[in-house]
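Naming follows writing order (A, B, C, D and E), and every chain is counted from residue 1.
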Amino acid sequence: RYAQAQTSEPIKLGFECHRTGIGASYGRWYERVANAAVKIINDEGGINGRPVQLIVEDDGTDPKRGAEVVEKFATQHKVDAVFGTLFSHVVVGAAPRAGELKMPYLVVSEGTHVSSGSLNRYCFQPGITDVRSQVTSMAPWITKNLGKKVTMIFPDYAFGYDHRDNLPPAIKAQGGQVVEMIAVPPTETSFTRYLPRIPTDTDVLYHIMVGPAVLTFVTELGQFYGSQRPAIFGFIDSVEAVNLATPQLGFLDGTYFWEGMPRYAQKDQSQWDKLYRAAVGVDDNGASKADPKDISTYAHMYGVWETLFTIKQAMQSAGYAGPKDKAKFIEALEAIEKFDEGRDHPQGDKIFNGKNHQAYGHQNISKVNGARMDVVHRTSIEDGMYEVKADYTKMSL
Amino acid sequence: MAFGPFLLLATLEGLLQAAVLTLTALGLSLVFGVMRVVNVAHGEFYMLGAVFAWWVASMFGMHPAVGFFVALIVSPIIVGAIAFASERLILKRLNYDPESTIVATIGMLYIIQQTTLLTYGPDARPVPAPFYYRIQLPWFGYSGYNLFVIVAAIVMLVAVWFVLSRTRLGLIMRATQFDRETAQAFGIPIERVYAFVFAAGAMLAAIAAVLIVPIRQAHYLMGLDPLLLSFIVVILGGLGSLRGTVVAALLIGLSDGIISVFFSPTLAKMISTLLVALVLVFKPEGLFGAKAR
Amino acid sequence: MASVTLLRTKGLSRQFGGLKAVNDVNFAIREGEIRALIGPNGAGKTTFVSLLSGRIAPSAGSIEFLGNDITARPAHKRVRDGIAYTFQITSIYPMLSVFDNVALSAQSALQRSPGAKPAVIAAKAKEALEHVGLSDRLRDRAGTMSYGHQRLLEVAMGLALEPKLLILDEPTQGLSDGEIENFCRLVKEISRSATVLLIEHNMPVVMKLADTITVLNHGEILAEGSPENIRANAAVQAAYLGTG
Amino acid sequence: MTASRTMRVIALHVAVLAALFLVQFVLPDYHYLAMTRVMVLAIYAMGYNMLFGYTGLLSLGHAMFFAAGLYGAGMTAYYTDLGVPLAFLIGICCGALLSLIIGLVALRTTGVAFMIVTMMFGQVAYLTITYFTDYTRGEEGLTMPASARNFDFLGLHVDLTNAVLRYNLALALLAITLFVILILVRGPMGRVLIAIRENEPRTLMLGFDTFRTKLGALVVSGTISAMAGAAYGLLFAYIGASFASIQYSIEALLFTLLGGAGTVLGPLLGSILMFYMIDIASEYTAAYLLVTGVALVLLVLFFPKGILGTIRERWLPWLP
Amino acid sequence: MLEISDLDVYHGSSQTLKGMSLTLGKGEVLCLLGRNGAGKTTTLRAIMGLARAQRGSVRLDGAEISTLPAHEVPRRGIGYVPQGRRLFSELTVRENLEIGLMTRRSPRRVLDEALALFPRLQERLGQVSGTLSGGEQQMLATARALCIDPSVILLDEPTEGLMPSMIATIRDVIVTLRDHGKAIVLVEQRVEAVLSVADRVCFVENGRAQATMPVQDLRDDPSLLSRYVGVG
């Protein structure tokens, strides 16, 4: 199958995976997606006629280990590129080492660290839209449909800051107002006592939580409010990998969530979503086909898939033959302008900005209807555009 | 929300945390007090308690209450058995040397935690509460189950207090902690006492975990927080003082909740941690400790 | 020289809860003497010397050493001033070698004259061990020695401090008769360069060594005088000696 | 004691350093980078050992000293243009100052209370970093700007992205630390530290100011840890709050206990072992910490005093 | 009733007991004399199972007890007063005594008898034992051992640190116990104290019983003393 290649040496891709630590739920699914995508790539003849070999290293969701893992990929496994990292602090911790080791580092983290230009030329985020763009595109719909006075609850942690920094201006731009910002320390396991801080005149409660305590958060919100509650809008991160059919979550019925890619197969499900679901082994409810109790991180993990196909695309257009072509590979990535919806990009079409290395795509807003979610609105790409100041291409390679 | 209700809520939450913390800390205190073993794996016994509760509850899926109460009995027993075995296999052979046992219990921590990750997985999983009852107060709603946890913890506490201060077992345990050799010379089978104490300590943590798991979910990393807090409570309360443990747990439970009425959460945590640390600095023997050891 | 007062207490008291362990004690010791402090168990002897050494703080009263008020001086400074204390309950470094135990004392003594070489410390330590007859056990771990030998080590540590006032709290406890004899000789020798305050229950030793005896009872001084006087004192016989 | 013994000790340490110097010519790339990192962490552990191994004070908040160096140096390099050498010095000073303050307060306690109090101060330090997220970016952290990767020092151009330079810088710092500690623990202070560990009341009654000695040990220990932190931040270009978390305090404890508390080389050995144990095990299983756990338990069963500690006890009593 | 033969005990690589042998009959006081470090305490610890014998046997009424776990030994009726008292220092006097009672489920009567011997303790039942004076602690240690209602009592330097009148009390107690038919092993440093209570004397040297003789022999020939323990 790899007949036309000068060499059948595999292309090695380092997958930096949160197998353990607080990111483990995501890591597990990221790994499944990566395996599925690589299988397809290899079945179709690999990249430039060479098979792709996936090398997985666990970073323990820890920035120090993350940096070590990047070093290990670069110098021991001698991979051609590294991808996959989710948690912001791990990305930020490992990025400098990737830059210095001249190792292409493609993350799937949503964070604004890539798009804001604070990392380096070797860091890319082609598979998933950054939080700033997500938030910007949500704001108009929120203010128009749910209310103008917004209270936000977010983790006092990197991921939360992207929301904290970007939501208020976006809401304000729509004539709304963020009336209270409640930062919850990342170590918190119980939230009830933060809830009274929510002003009574709040129209919309905007919540975003990560980590294992998310379910507690939602449950306690339910206990607190009962049936009289403001409109609630959340980022799906709060219930990623969590079964919506859990009795405690009944309270979420009628609330809204941002989803990168809709967990429940929609009526107008695209053929690409169908194909992608089948390849990864996810059923129509977003759970593992093997175990319906094993819920995926569906709204995010597509980013891994799209990143892998982006790598393939760029390597092919660069005629990538080995590590000496890394610069060409980077430039090829930067030269990408858009992705079309299709098998390689099942979430939808995207614009890619080669200057700040960030992709911009459509976002979904879904409503919880009796333990499933249905998309009620899909934003346009333009909704999420903002002025890009960063320019990595000015940095040397 | 007005200040009063806010305070009420913070207090309720503080009581809940204090209740669970007291039970967990009591287990640690027992092990530390009697065996002089700093059991770093204590939090993992707590975690195991929650995980086994999930496991039992999902096996007895007929009614949440059935699953829960079976778990309340079965889970601590399994955890106790695991603790018992590890005491026999590891700690005993180390002769309870303080430094070695720290390393060994860190090792146990990893073993338990990672085995859970391999088998149970990285997700947080809920256990249904035995009953669902929401108390609607004029300002907010509150879970009736939370109040049940507080009461259950108090009942457990009284039971432990009775055993420690009113029974022979308690006397034996207190004697053992001062002088192992002399205790043996008076017919106390210290090996059995130690294994029992270690298992009992773990079981207390497991009970606390089963009580809390309908509110907090079982997760393989959930052990760290209770471990650290328990240590603080045990030392702050004064070693071996049951009353101290309760008071310290209340203090810890209530302080950052109430302080967070006035400050932002992270700042509140900073201030309350600092305050508690300073209490210890100026009263190193703990609030109710006899004297510094 | 013999008449110079080395240490004096005025109204020294210490209470434990309601118990007056040491009660209004006025006490003075002259330079160069061997003073014995005796009294029933629980009379407050250990408490009294703990006050002198600064291990515990008095509830009232003052302590004067070489004319200076040292009541508020921390314990370790008193040691440097020259008040050394050997514990009634053996307190050594069980995991360290016998030599290191004593070397620590020697090092402390030499803090007063800085710039001491390790060789000097070693020499002083060995000399002190020689005195108590442990010089053949330098390398042994202190904790593995028998109780009696640990007591001797304790004394050696006191010696190596080169104190002006050496307080010995029941030093012959646990020593066999043979060792006691050596010990008496040792104390005599020490007394040539230092003042000794000796707490003892072993009456023959007290009678043989002491220049003056102070008897403590219920935290108060019951009697003070020469060995002969004390032996003849009816109150002392009743309170302490039993028969006499 | 004797001159020959001193020679033997010096020879051993010089040999270890020489070996570390020489292996750089044969180490494969990855291990080259890894060893650089391990050496910096070993410095941290050695600082820790100064307090725990020799003085017997178990601190669970040492990450705060590491973080003081990390942030002191890192924030200086990130926000000012004072230059890297000055930033490094500032990092060390931050650690020294912090350890002095913490020492004055925390040393009023002993034993487990000390352990808990330091842990809580450590938590406060961690929370402080996350509280000032506007400057620190909290958990996410900051990466060093390009200006902090290249600088001129004494007329030399230093490029911190150069792996060879980094390795040898780390080694130099390690060597300095090693000899400072060696001199301290073999000198009169070392003996007093050990005496405090073994029996503090007695040491006080031997006329030593135990509080001041402990404070000294804590400051030395904190400063060394801060130096490791400062070096870490500057060499690897990242500072983040997770370095101040309790896990990193426990890590130092673990390195020390594994290698042998109260031995000069123990923490170095412990750091190397622990790193490779995790690194190798993680290639085979996601549950590499399970392997680590089993290894720890086995180690402690057969080497109860840590590796070097047990070797010293059984075979080489002269080991410092 | 107690028979020890050929005990070897090691501490690490050094041998502390080298073939120690003793016998003790009912109602007899056997006194161990010897220099510091001779192995007297170790002998008692070996009887109690606290020091493990590599070789040799300890028989109580003919039954082997050296292989029992340490906590079984007191349950067979051997009471131990350790050197240095070793009380449960944070427990009260009463609790210390209760620990003794617990061992053999002894009746209350035993406690009353023990307290009758030491009226001083009666007054201080509620005090934390660590704060007792040295002499009081020694009484408590002895009383605690009596609480297990032993048939054999091992006393390791019970008069250490006691005032003369108290030494006399302890001596009287030992005599009383003997008269009650208890067998007693007494380790003592003070020869005069020994002479007045012992039936037989055993000189311990270098980990073995060098010579055992009726106390009368010692009274008759004080030079024996200097021969075995170096006292003139």
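In this text, contacts are C-beta pairs under 8 Å (C-beta built on N, C-alpha and C of every residue); 3 or more make two chains touch, one makes a residue touch a chain.
Every value quoted in this text rests on a predicted model; they were computed, and no experiment measured them.
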{"item": "Chain hops separating subunit E from subunit C, counting only touching neighbours", "value": "1"}
{"item": "Touching subunit C and also subunit D, the following chains", "value": "none"}
{"item": "Set of chains whose contacts include both subunit D and subunit A", "value": "B"}
{"item": "From subunit C, the most remote chain by mean C-alpha position", "value": "A"}
{"item": "Between subunit C and subunit A, distance of the C-alpha-averaged centres to the nearest whole Å", "value": "75"}
{"item": "Where subunit B and subunit E are represented by their mean Cα positions, the distance between them in whole Å", "value": "44"}
{"item": "Distance from the mean Cα position of subunit E to that of subunit D, given in whole angstrom", "value": "51"}
{"item": "Distance between chain centroids, defined by C-alpha means - subunit B, subunit D (Å)", "value": "32"}
{"item": "Junction residues of subunit B - those touching two or more other chains", "value": "114, 117, 264, 266, 269"}
{"item": "Residues of subunit A engaged with two or more neighbouring chains", "value": "20, 156, 185"}
{"item": "Shared-contact residues (touching 2 or more other chains) in subunit D", "value": "127, 130, 286-289"}
{"item": "All touching chain pairs, where touch follows the definition stated at the start", "value": "A-B, A-D, B-D, B-E, C-D, C-E"}
{"item": "In the complex, subunit E residues that touch subunit C", "value": "11-12, 33-38, 41, 83-84, 131-136, 157, 160-168, 189-191, 229-232"}
{"item": "Subunit A residues touching subunit D - in the complex, by the definition given at the top", "value": "19-20, 57-58, 62-64, 67-68, 71-72, 74-76, 88-89, 92-97, 100, 111, 113, 118-119, 156-159, 161, 185-186"}
{"item": "Complex contacts: residues of subunit B adjacent to subunit E", "value": "168, 171-172, 174-175, 178-179, 181-191, 240, 290"}
{"item": "Interfacial residue positions of subunit B with respect to subunit A in the complex", "value": "1, 5-6, 9-10, 12-13, 16-17, 114, 117, 121-124, 126, 128, 132, 134, 136, 139-143, 215-217, 219, 221-222, 225, 257, 260, 264-266, 269"}
{"item": "Of all residues in subunit A, those that touch subunit B in their complex", "value": "20-22, 24-25, 27-28, 156, 182-185, 187-190, 192-198, 200, 212-216, 219, 223-226, 241-242, 246-248, 294-295"}
